[in-house]
Amino acid sequence: MSNGLLKGKKGIIFGALNNQSIAWKVAERAHEEGAQLVLTNAPIAMRMGEINALGEKTGAPIIPADATNVDELNNLIQKSMEHFGGKIDFILHSIGMSMNVRKGKHYTDQNYDFTMKGLDVSALSFHKVLQSAMKADAMNDWGSILALSYIAAQRVFPDYNDMADNKSYLESIARSFGYHYGVAKKVRVNTISQSPTMTTAGSGVKGFNEFINFSEKMSPLGNASALDCANYCIVMFSDLTKYVTMQNLFHDGGFSNTGVTQEVIEKFGQ
Amino acid sequence: MSNGLLKGKKGIIFGALNNQSIAWKVAERAHEEGAQLVLTNAPIAMRMGEINALGEKTGAPIIPADATNVDELNNLIQKSMEHFGGKIDFILHSIGMSMNVRKGKHYTDQNYDFTMKGLDVSALSFHKVLQSAMKADAMNDWGSILALSYIAAQRVFPDYNDMADNKSYLESIARSFGYHYGVAKKVRVNTISQSPTMTTAGSGVKGFNEFINFSEKMSPLGNASALDCANYCIVMFSDLTKYVTMQNLFHDGGFSNTGVTQEVIEKFGQ
Amino acid sequence: MSNGLLKGKKGIIFGALNNQSIAWKVAERAHEEGAQLVLTNAPIAMRMGEINALGEKTGAPIIPADATNVDELNNLIQKSMEHFGGKIDFILHSIGMSMNVRKGKHYTDQNYDFTMKGLDVSALSFHKVLQSAMKADAMNDWGSILALSYIAAQRVFPDYNDMADNKSYLESIARSFGYHYGVAKKVRVNTISQSPTMTTAGSGVKGFNEFINFSEKMSPLGNASALDCANYCIVMFSDLTKYVTMQNLFHDGGFSNTGVTQEVIEKFGQ
Amino acid sequence: MSNGLLKGKKGIIFGALNNQSIAWKVAERAHEEGAQLVLTNAPIAMRMGEINALGEKTGAPIIPADATNVDELNNLIQKSMEHFGGKIDFILHSIGMSMNVRKGKHYTDQNYDFTMKGLDVSALSFHKVLQSAMKADAMNDWGSILALSYIAAQRVFPDYNDMADNKSYLESIARSFGYHYGVAKKVRVNTISQSPTMTTAGSGVKGFNEFINFSEKMSPLGNASALDCANYCIVMFSDLTKYVTMQNLFHDGGFSNTGVTQEVIEKFGQ
């Protein structure tokens, strides 16, 4: 399927680890829709992943960059513009990690070095990407930059731990930077708040199966898949959504505005 | 318990049907806190209720008024000011009824005459109360007017039916009229979004027991009681909250910002 | 410009009055993207408008229907399915009118017959369209239904009068019906909250020029045009946004999440 | 004025610098309402401030603590319980500082060490306070913990810089920790989103006069004063608001739900 929605556009995709990753699907779909791509990931993530296969499939060079490292980001932006022979139209930030979760620290028993590390990787990295792009004047006018978020930024899901606070910070960056980038260059910045998705990252979280199941039953359309999320990213990168900016966009089968479903309430009878 | 928070204040309470009603508790508590009251209800509701007992307990006259009838509201406002010998400091609107719910009409099979009737009783009546009060210049500066709402105004609870849309309209009135009444007379207008409460009104709704149970388990502090809601109304009527206006205030034990609790998620294991 | 995003899809467009109307632009763009259309409007609006020209341009029959009249809506749905030789994929509801505004009644001095009439036209009509479609089983699975809204549903703009409350009710219908239609048929229902737009409807509102100007200066990207709004409707009708439902989507150049802009704050110096 | 609302309650107040501080007013009002207090501030802030005078006035010991330092917080909690001879009923967190703002770094040109430092002081410190209190089992059941926030957490005010992102993180902590503290001990955690207030902290921000002026004109009741904010804190510490938790409460004269006022729109005519 292709509608040529991104024909002639150039974009950078962060965070494609393997073919379960949302970023992977976005890269595949963006390629189908006519975009030229650069793929990137942290060196450590690249060793675990299969990003080379994706690079071949989409004709995209892979330029490693630790998204918490400003120098590496500056290099990525520079090299990408050289590769494209021009400016960039879209960027996807799909990066997140909580050290407290990984190390089994409860939300009320955080190790604050872990907290800061997780914030840097999951949220501040988005600011660093935006700032690097802006300083290099790397984006075309009306370019579109997305990060992936989750509704834990608004409501508590206990096992989501400090990632909730990171996602709140991330969404705030989208608003704050979206204002400045919009005024300066008409570049729009948004987050997509996606259904829980069974990726390699997600599957490591305690109780994730129960959680996916709950979310499925609390969503009138069911959970959105990684491919559907990729389709939504495509339209947000396209010229058909030029006046959407500084928003957090729920892509979740209706979960966010559902208080309860019939199927769930039935579990609460006597 | 009394802190004299409403000493010298005068208020009108709509909707005290019996001692399970939130409005009943508000009247009792307002009286304890030193307020003078007028009680009112629709003539039909008064026949079913025990409002005379409340009137005696709180030393309050009872002035019937159908809250959808502007003439009766004008009379109520006029008579209340005569009784108080002056202007009014606070009003509680605790009125709601869906004909579609009563008659067993599904949300997708509404009788639109029922819909309009329910909207008039549940939401437009709030505008009528406000407009009557404003036209009569009946409120003291910095007066406080409250209506009771429910989170169905923001998220779907299937059995709540068209009351959800009514509550959205009600909350919008609080904002819209709150603006004008604030600018004109410093009067503040808010809604309190209360936990589901086992009142006579609530207990008639299909599946209400399951629903109360679900809500209890989804609220970190549990459901808020009618008495606790009354306490919250007292502070919103007091001079300690003078700059809170045009807000919808969640009084729900944390339900509104809880995505899921541990206790609920455990029902979704294999 | 066309990407064939609506190839093979069939839709009904309410509310195209003349070539300034958003609905007019949506019809043009949907036609370009490959959709088959039926156009409709209230008989009275059709006399004022130039909808025949649009019908010719887009090859669409025009079937009059007063959107507050269930019989006329049932007829419209029936005739549309006959014309298409099958079910419907998308519907646009772009209808709004406040009698209080037209007759110069202030928000705090409403004529409640006017209020009810405006609510019926501007909001309840959306429920009637949805209910008629559902009863006739007229929508294909994963169909998409949109109504146009405005941020006055969330925040007060004094001259917007009771249209604010109507829009709150409209957005609530999108959530409530979106739940039921999603569960039953995977049909999604959303509202788009558009920048103020200089249409025939808008230009009648007192102080609209000042208001457009304020909104332009408070939006990092400026106000979104009718054509841009039409583009956003196209993507919301397409298969690329299948898991977005029950949402109110801001299409406003960032206005909704901007507290103040540099350009506006400068007017508040000494 | 006193209603004895906090009679018998014990609380810790962070952030009283001088008599313009909101925290200063809260301490005075809490004392009037019958509470016993401990005052605290960072050693560096204490040298600049006049906190000793407040300690004398309110009969409160002053225990210095850098709120980013877990050991100092643990000491503060321990010493406070010793002083009170028991557990704590309420805590106010009124702390905020952006190094980027202080050093004149634009939001799009951040020094990330400054960013991290500001986040630690302004937001993560709140988590540290909560975690220290919880680990020491220092709070009485139904205790109440507040932090002060600002609407920049939801909408962009360009000069507010990275404090916006810090406030988003702060409000997320209130939700996340409020869940866990609520489930475990019925302790409630909220933020109050206050009008801009002319304190020593505020007055250092570029363009703050224009900003206060804009906010005043965009608020139907005008900006809320520090004293009014203190009154609101008192009710949130009292037993009359026991079921309010995990909320961000706007105390802003209606600013948050006002799209525009008549007074502001008039500046946008020709």
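Things worth noting here:
For reference, chains read A, B, C and D in written order, and residue numbers begin at 1 within each chain.
One rule holds in what follows: a contact is a pair of C-beta atoms (placed from the backbone, for glycine too) under 8 Å apart; a residue touches a chain by one contact, two chains touch by 3 or more.
Here the structure is a predicted model, which means the values were calculated and not measured.
Graph distance from chain B to chain D, where chains that touch are one step apart, equals 1. More C-beta pairs touch across one of A-D and C-D than the other; that pair is A-D.
Note that among the pairs A-B, A-C or B-C, A-C reproduces the B-D interface, with over half of its contact pairs the same by residue number.
With centres computed as the average of Cα coordinates, no chain lies farther from chain A than B. Chain C and chain D have CA centres that are 42 Å apart.
Annotation: 32 Å between the Cα-based centres of chain A and chain D.
For chain D, the set of residues that touch two or more other chains comprises 155-156, 158, 175, 178-179, 246, 257-258, 261-262.
Within the complex, the chain C residues that touch chain B are 70, 107-110, 112, 115-116, 119-120, 124, 127-128, 130-131, 134-135, 153, 155-156, 158, 162, 164-165, 167-169, 171-173, 175-181, 184, 246. Note for the complex: chain A touches chain C at residues 3-5, 175, 178-179, 182-183, 186, 188, 195, 220-221, 224-225, 228-229, 231-232, 234-235, 238-247, 249-254, 256-258, 261-262.
Within the complex formed with chain D, the chain C residues making contact are 151-152, 154-159, 207, 209-211, 213-214, 217, 257-262, 264-270.
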